[in-house]
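First chain A sits with chain B, and in the next complex the same chain sits with chain C.
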Partner chain A sequence: MANTWTKIASTTVGSGGIGSVTFSSIPSTYTDLCIIGSARMSSVFNNVEFYMIINGDGSTLYSGTILQGFGTTVNSPRTSNTTYANNFNAPAATNGIGIFGNMTMYMPNYANTSTFKSYVVDSVSGIMTTTNNSLLLSAGLYRSTAAVNSLQMLPTGNWLQYTSFTLYGIKNIA
Partner chain B sequence: MPAQSTYTPINTFTVTGSTSIITFASIPQTYTDLRMVGYIRSSASGQSTDLVDCYFNSVTTGGTYSTTMMQGNGSAASTQSWGNVNAGYRWALAPASTATANIFGSFTADIYNYSNTTTFKTMSTQSGADLNGSGVRVNTVMMSRSTSAISNIQVFFDTGALFVVGSRITLYGIAAA
Partner chain C sequence: MATETETPMVVEIDCTTGESITRAMTKEEQDNHAAMQVANEKRQEEAAAAAKAEADAKASALTKLTVLGLTVEEAKALLK
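On to the complex of A and B.
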């Protein structure tokens, strides 16, 4: 049988929380990358953003187009020339114990050195109120032709215990 | 879902020349579901994005396709639908000629239970192309009102434009057991 989805690395946050989760030394041997996360942050706000930095690059090469349903409101914000990708959200400490958001980030052709890197994100945060549940769908762009070898996930505040991220590599050949 | 031994690449089409239609033919009926993953750009002139269409089983008449699209363009969210049309309309989006060079769009498209011969076929997609200051995120559901098993998928741009060299679409088969 083919082995096209391979777990590259996985992190589950311990009891003390942690300031970031980093996948480094990502092999260039796959076709696509996917991060699947279950996340919760220490922020005092509802459904807050979290961030991703690629290749440790904090320059203004990131942008995103977001389609978001937030309670009874739908909108489409945009970010341009930011120093991080902020296409994600998750519940915060104020949203009740045990509530985690789900997210997937799919990045095709991450290892090529000719074109910019684009990705799509689905991020959901259900916090059991009628106004603050959030569904965030986004398209992200990192305007660098460098192969992606590092992905850092940064919370607002800290990642809380039991937050987990798993990075998968996907091959398009068996 | 990340199932290591059940997710099998059926075929990959990487564009190296002049191509306006990417075809996956003779799709085996041995999987449970299908997934297409794309990294694409359109050559359509005078526009920053182009939409993506498809045919199942080369069906191009009869008005058996329909699509509902939800999209955000960075300033507003909206929804559109097309019914009784002759192609699987507008279920993904890609940068086109006026977009900054080197930007390609991403999509995934899932077709569940594609080989059954009893029910209509539904495809759900996620797609986007951010262009740093413009761009669109799109999610769609597309239906083909045919009970035929899907053995052939043709993917093409709404404008009929060529795929830019370096565009790539992979078709995966997913087995439930």
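On to the complex of A and C.
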């Protein structure tokens, strides 16, 4: 399994922060894509959402079902017909210095031009309290048959220093 | 660091060439990003309100059940 994973690209945010990270011109030569991130945002809210836009497409083709721990309560909101994927979360600057969340987004069959694109996200914030989101699992759907060639990760506020995203391509081998 | 009054910067990584470009966010991108954040703020407030309402309802139910004669442990078991 491990030798089917190839790092396509990676970035780490510098001291100035950054408004978004985009992986563009993604080769269609893999079977699946995976982004692994370690993230922290400049939002004034705790543990808030961040966003993904596929192929630069801001039309209402995104939906998601989310299972999240919100303090001691679990809830399962659903989003539909949004202009971005929003089923991710990460800690914010208000959560304290050095607190980062981690996330994994896995999208199979991304280059197929006959199927809508579905993906799964697990997103864990770096802070566990009774009032903050601590864990988010979600399923997302992008209702387009276009091959995925671009993924943009947008924060609430800015991505803060040391936030990193790595894009992997996964390929079946005999 | 970019502030709310400065134009945010974005980084684009070309996965074919490996080239990384850092540029200013366009006005359209800024508007779209702002709209996302407004919607996010609303969802966060709604989620927090829903969580509080559920906690309040459970506390009220616990009180009413104990008045009926259930022990606190029995009432909590029912509310799980």
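By our rule, the second predicted complex is superposed on the first by the 167 of 174 C-alpha atoms of A that agree within 3 Å, B and C clash if a C-alpha of one lies under 4 Å from a C-alpha of the other, contacts with A are read in each partner's own complex, and residues count from 1 in each chain.
Keep this in mind: a residue touches a chain if its C-beta (ideal position, glycine included) is under 8 Å from a C-beta of that chain, and two chains touch if they have at least 3 such contacts.
From a predicted model like this one, the values you see are computed outputs, not experimental measurements.
S.K.: Superposed on chain A, are chain B and chain C clashing or fitting side by side?
M.R.: On the superposed model, which is not a single observed complex, chain B and chain C fit side by side.
S.K.: Regarding the shared-chain residue A:Met103, is it in contact with chain B (first), chain C (second), both, or neither?
M.R.: Neither partner.
S.K.: Can A:Thr115 be said to touch chain B (first), chain C (second), both, or neither?
M.R.: first
S.K.: In the overlay, answer first, second, both or neither for which of chain B and chain C A:Cys34 touches.
M.R.: After superposition on chain A, A:Cys34 lies in contact with chain B alone.
S.K.: Which partner reaches more residues of chain A, chain B or chain C?
M.R.: Partner with more touched residues of chain A: B.
S.K.: Output check: A:Met153 vs chain B and chain C. Expected answer is one of first, second, both, neither. What do you get?
M.R.: A:Met153: touches no partner chain.
S.K.: Which partner does A:Leu67 reach: the first (chain B), the second (chain C), both, or neither?
M.R.: first
S.K.: Classify the contacts of A:Gly140 with the two partner chains as first (chain B alone), second (chain C alone), both, or neither.
M.R.: Only chain B; A:Gly140 stays clear of chain C.
S.K.: So, does A:Asn75 touch the first partner chain B, the second partner chain C, both, or neither?
M.R.: Once the two structures are laid over each other on A, A:Asn75 reaches both partners.
S.K.: I want to verify one number: the closest Cα approach of chain B to chain C after the superposition, in Å.
M.R.: Distance of closest C-alpha approach: 11 Å.
S.K.: By the touch definition above, which chain A residues appear in both interfaces, chain B in one complex and chain C in the other?
M.R.: Common to the two interfaces on chain A: residues 75, 77.
S.K.: Which chain A residues qualify as touching chain C in the complex?
M.R.: 8-9, 11, 13, 15-27, 42-43, 45, 48-49, 51, 58, 70-71, 73, 75, 77, 82-84, 86, 154, 156-158, 160, 167
S.K.: Which of the residues in chain C end up touching chain A in this complex?
M.R.: Residue list for chain C touching chain A: 1-2, 8-18, 20, 22, 25, 29, 32-33, 36-37, 39-41, 43-44, 47-48, 50-51, 54-55.
S.K.: Which part of chain A faces chain B closely enough to touch in the complex?
M.R.: Touching chain B from chain A are residues 1-7, 31-32, 34, 36, 63-68, 74-78, 80-81, 106-109, 112, 114-116, 118-120, 122, 137-141, 143, 145, 166, 168, 170-174.
S.K.: For a test of understanding, state which residues of chain B touch chain A in their complex under the given definition.
M.R.: 2-9, 12, 37-39, 70-77, 100, 102-108, 126-139, 166, 168, 170, 172
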